[in-house]
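Going in written order, the chains are labelled A, B, C and D, and every chain counts its residues from 1.
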């Protein structure tokens, strides 16, 4: 179930957090669901406003599993900077489903946003 | 109106709540709308990062009715654990429309997220 | 631009509000955009979990205009109850674009959710 | 990757903000991602409930870049008023991906909403 090519035009990891880490740390995630019987090899590319894209970041989503990947945790080939506007593409070798979520805890009470990503074949 | 196969890649029931139960209890829901003249037999499957999927959870959405199902309330064949990343598929025998919502009241003021689910034929 | 048939599976007007009315009153809206050169005649139907649907609620979105309709303000043929789970369909005689938004101010600080609605021809 | 024609039916820049500018200023953005090898020439048109549309606002999203455009910052041909319901279309000469986000900091703690925009060819 799903598609192979996804894009998320919004991206911003807030600087600063309130509450216990890691659950309340300000973060952005891409949630990837692989309902199929074959592991998904996924490449994430991160786009910026003023420099060339970073990546690809490579990861595996095993068959019949989900992975919720924090952009904060992407380190190889380079970390994603905080407080910086970015966007991303998520390309898989098998169909997957992708959703994008931010938790913003810069202020004492957290705020959330989420949306289905853009998909195409 | 709608589609038969839906997926939600995000899933997380926050542990801990502030405010009166059940309305302000931290929860996640799938909202299912059946605009047709025939009852919808729906199966929800819950996917995890580190174990086999749970389910199917079976429920009926009567003709021309909506049901907002809290993952917190799914008990058979097993409860959905709190504080755990998951994802879900929602498969119906007739077309329905599915939306995914979280209310997070871990902190004193609640936060909300919602998105249309991913659909395919 | 857009489609003629839309559905929103989520629906819930929180009971209780904090902050000045009407801007901070807890509410749900459907935002309808008509980019065309012909007025859109729109019918909203509201679905419930335990009774027959309400409506249709009829309204016009003039050519090249947007209307953000609060479910709180729908009165004819009947008001939409607070604190009750519902869903809705939005059917137009010309293509429009529909988005669904909730402002929840039950607690001192408000929370927001929004999503594109489900569309079909 | 993406489409050429996008629409966002929701639009509202809250009046008033809490927290340091510009990051915590109440605002709405369209996030535009151009993954292609050619610069995107983009025109934004803003629709209202009671007057003719404003725009087009013209901007460029360079190849392999993202731009997160605040409606608050659109000045030419005219600013977008605060506290006013609006909607928008985003039309590009090459495929792009568009997402819509609001940060509302009228109250002490901020609230967020975001959704993929509506796309068509």
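Keep this in mind: a residue touches a chain if its C-beta (ideal position, glycine included) is under 8 Å from a C-beta of that chain, and two chains touch if they have at least 3 such contacts.
None of the values given here were measured: they were computed from a predicted structure.
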| item | value |
| --- | --- |
| When chain B is superposed on chain C by its C-alpha atoms, the rotation angle in degrees, nearest 5 | 90 |
| Residue-number overlap at the chain A/chain D interface, same or different (half cut) | different |
| Computed distance of Cα centres, chain D from chain A, in Å | 21 |
| Where chain A and chain C are represented by their mean Cα positions, the distance between them in whole Å | 30 |
| Shared interface positions of chain B, touching two or more other chains | 108-109, 111-116 |
| Touching residues (chain side chain C, partner chain B) in the complex | 5, 7-12, 14, 45, 47-50, 52-53, 83, 85-87, 89, 100, 102, 104, 106-109, 111-118, 120 |
| Interfacial residue positions of chain A with respect to chain C in the complex | 109, 111, 115 |
| Residues of chain A touching chain B in the complex | 1-2, 19, 23-24, 29, 31-33, 35, 64-68, 96-99, 101, 108-116, 119 |
